[in-house]
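Next come two complexes built around chain A: one with chain B, the other with chain C.
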Partner chain A sequence: MAKHVVVIGAGPAGLETSAKLSKMGLRVTLVEKEETSGGHLKNWHTLFPGNMPGLKALESIKEGLDENVKIQTNTQVTALEAVNDYFTVSGHNGWQEKADAVVLATGFKLFDARRKEEYGYGIYENVITSSDLETLLAKGNLFSNHKNPARIGFVHCVGSRDEKVNNLHCSKLCCITAVKQAVEVKQLFPETEVFCFYMDLRMFGRHYEELYKEAQEKYNIQFIRGRLSESTEDKEGNIIVKVEDTLLGKPLRIKTDFLVLMTGMEPAAGTKSLTAMLGLKDVSDKFIRPLDEVLQPNFTDMPGVFVAGTCSGPKSVSETLADARSAALAVEAFLKE
Partner chain B sequence: MRLEGKRLIWQDYQKEIADDHYFYARSCIRQTFFPGAEAIFMRILKEELGKDIHDEQHHTSCTGIGYHSDVVPFDTTMTVVARQFALMTEAGYENYAASCVTSFGLYTEILDTWNHFPETEAKIREYLFKATGREFNKPRNLAHASDIVYKLRHQIAAKAKYKLVDKKTGNPLKVVEHIGCHYSKMFPHKGIGGAEYPYVLSGMIEAWGGEVIDYPERRHCCGFGFRQYIVQANRGFSLSCSKKKFDSMEPYEPDMIITNCPGCPMFLDRWQYALSEMEGKTYGKNKQGIPVFTYEEVAGMIMGYDPWEIGLQVHQVPAEPLLDKIGIPYDPLQKFTGKQGQYLGIPESPSYLKFYADQQNTEVIK
Partner chain C sequence: MERKSINFGYAIVQDRQIDFDANKHEICRAVAVAEPTLNLCISCGTCAATCSAGLFTDFSLRKVILLLKRGETEGLLKEVSKCMLCGKCQLVCPRNVSTRNLVIQISKALINGKP
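Showing the complex of A and B:
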């Protein structure tokens, strides 16, 4: 009988790994704690580059699944044990499976913007997160009760690169997401002034720099290098932002209609609990540290346990899919031995 | 504004506050700025609520302002503070209650330093012993006096004669709260409600019937900020800070400001006078300014203590319009009469800010 792999987490990484493992002739059980698969991708309006809708990307990924992949939803993995040459994986609801190999695809969670208390998320009505903005864009009712917002600000690095919240790492994608969202807002509201408050602009990816240039030249989006010190609300519900423009060396106070916080990525609760459960190594940022970050990015210290996707660090969707395929190859090689 | 959001944060910043048996360390500057405040604290705790509180006559300044102005080295400051702890230990107390926010911040900083660097604590113990022969225990509980009033706010409300409510309309008074920076900005977890949305004064305002105002410059410095004031050349910054706050709170039409730091009420009160003399600008209705109080004064007011006995006549912005609004009685003739009934003299009237003095009748007393 074909060997059996349990993949934990049915976001893009788990789905893609499962699809590829099944193509390799393995049996796969994909466990998901939520009711449906798709992870964060199902809530994301569009992806960059190419502006493909998140749901469409998800559909294409799911097309790779076949009858060899059994999906077990609503199941939170609570135990994972190595027994002789196999693993037993158990869920909170009594579900249990034996596996010859296990892939952790437990992903990330978005930083809880409330923890940056001084920005007022959850307190001031018009402070939202990048993820809220995607949802509003998807629903097509962005700022529905503000016909023409005069000013909108995007705050980079919320919960990333910030020792105050104990996150030193860069979440990698929020810069380009801010530029993408700023352009989308500008396309919908050409009269609105749009500001991005950044520390550095990390435009490392394919086409990122070009979009950044277009944002400045075509859309007149203003990039201000400086970190917000605080935001507050005035009597009319506007958000008053205090920030230093570190290029001009001047403190600024700007009245915005909306403030969008670019929340970063943190390891998901499942990533952290499995790391602890298995005694795996982690990096100071609590993402899982693979056996070798350059040569063996999908192996862990525990033979038979693999990682795929953002549980080992922030990745874009395209990087996540590539990592998932690489994880499937690693599993196949291991099971052949 | 969503209050639930603030309440969630408040839950994260609660701390232990001792219930009774406090060793009280007074503030060197509060007693001159707002002389009634500490007396009210003692009176409410002892007489109204039956608490045991030790008023130590041998303690000194904590050196906080000197320390923050870089004129007193940290080792000296720590040794002075160690002596205060020794006095507490000798008096048989373990709950330290600091009247001054700057002291409270300093004690917190020192205890935290000793926690991380036990060798520093050992060194300071040695310095203190060599200099004075004293030894000490660290406080089991350290609280700012406003923490204690916060903890007892409902008991105070239960005994109070008045509420922070407009007598005529029945509407809650609109109250601005301002927390001293050193209360929670350095150690957010040591302050009720944390640093960004502190709850210590808001909790009192709510319990005593008022409504808290959140305005854009709420977090901005009151204008003391030691170096802004103490370095004379910087005093313009000090005034601008206060002005920025007044301009920002003005549209909300606040009835009063409550503070918990020595500097904040001083500067928020006196600079209203300075600004009015410089620019002719007054805040509040009818040129009466926005009265500024310490939380103890507010507690004393609602307890029904005589406004002149708790020192409200030394405020620059007059308290009378607020007393009238709440319905607290006072005798205008007694405003400038001292404890022994002697006439104290009427200060010069400001050019713009309203001034309440019953000139004619006071002449008679004289």
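Showing the complex of A and C:
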């Protein structure tokens, strides 16, 4: 009988790992705490840099699933135990499976922007997050109560590179997401002035720099180097932004109709609880530390337990999928031994 | 009898803050139309690092562009007139900004923008 792998978390990483393991002839049970699979991707309107719809990407990933993959939804994993040469995985609802290997694909959660109270999220109506913006774009009613916003601001690094919220790490995707969203806003509202407030612009990926240049050249999006100190609301409901224009060495005050906070990535609750449950190593950012970040990015220090996707650090969808395939190969190699 | 006020040495200090909403942005818009590569500047400072005029004066094209973009145009004409139009900055700009023409267009817009 084919060996059995339990994959925890049915976001892009879990789905892709399961699909690949199944192709290798293994039996897979994919456990998901929510009602449906897809993770954050199902709520994301479009992906950079080519603007592929999130749902379309998700559909393609799911096409890889077959009858060897059993999906167990509405199940929160509460126990994972190594017993002799197998694992026992149990859920809150009494669900239990034996597994020859386990893949953690428990992913990330978005930073709760209310923790940066001075930015006004949850206090001022016109301060929203990058995730809220994706939802509004998907629904097609962006700024529906505001026919033509005069000015929109994007704030980079919200919850990232900020030790005041205990996050030293860079979430790395917010820079390019801000550029993508700024362009999308300009396409919908060409008359709107768009500003990005940043500390550094980390355009590390292929085509990112080109998209950044296009944002400047074609859409006249303004980039102001300076981290938001605080935002306030005037009596018309506009958001007043105060930053230091660090390239001019002067404080700057500017009125915006809407302020979009680019929230960063933190390990999901499931990632944290499984890390603790298994006694796995984590690093200062609380994401799981693989056995070797360069050579064995999918092995953990517990033989038979693997990681895929963003539970081991921020990744784009394409990086997540590549990591998931790599995890499937690692599992196959382990089970052959 | 003439009353003289005593000078205690206090004065109202001008706010250093850039008030983006109070500033006028027509000059920047006019320059962007005349020389669209203005928008490509990433404030890297290569222009200022190579600038011959910058060796002897405090002229910095990087700073001039930023002041223009923020609408801080007071005194900018004097600033931009320090440029000798040698064009070295154009040779080094990584974003291919047409810096020489940009300087000319900034001067023109500032002169035309005067009442």
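In this text, the second predicted complex is superposed on the first by the 337 of 337 C-alpha atoms of A that agree within 3 Å, B and C clash if a C-alpha of one lies under 4 Å from a C-alpha of the other, contacts with A are read in each partner's own complex, and residues count from 1 in each chain.
Throughout what follows, a residue touches a chain if its C-beta (ideal position, glycine included) is under 8 Å from a C-beta of that chain, and two chains touch if they have at least 3 such contacts.
On a predicted model such as this, the values are computed, not experimentally measured, just so you know.
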Once chain A from each complex is brought into register, does chain C clash with chain B or fit beside it? fit
Have a look at where A:D234 lands relative to chain B and chain C in the superposition and call it first, second, both or neither. first
Regarding the shared-chain residue A:R114, is it in contact with chain B (first), chain C (second), both, or neither? first
So in the superposed three-chain picture, is A:G122 touching just chain B, just chain C, both, or none of them (first/second/both/neither)? first
Is A:S90 touching anything from chain B or chain C once the two structures are fitted on A? First, second, both or neither. neither
Output check: A:N74 vs chain B and chain C. Expected answer is one of first, second, both, neither. What do you get? neither
Pick one for A:D245: touches chain B only (first), chain C only (second), both, or neither. second
If you take every C-alpha pair with one atom in chain B and one in chain C, what is the shortest distance in Å after superposing? 5
What does chain A use to touch chain C in their complex? 213, 216-217, 220, 222-223, 225, 245, 247-248, 250-255
Chain C contacts chain A in the complex at 16-21, 32, 36, 39-40, 42-43, 62-63, 66-67, 69-70, 72, 95
Please name which positions on chain A make contact with chain B in the complex. 114, 117-118, 120-125, 230, 232-235, 240
Within their complex, chain B touches chain A through residues 1-2, 4-6, 8-9, 194-197, 214-219, 251-252
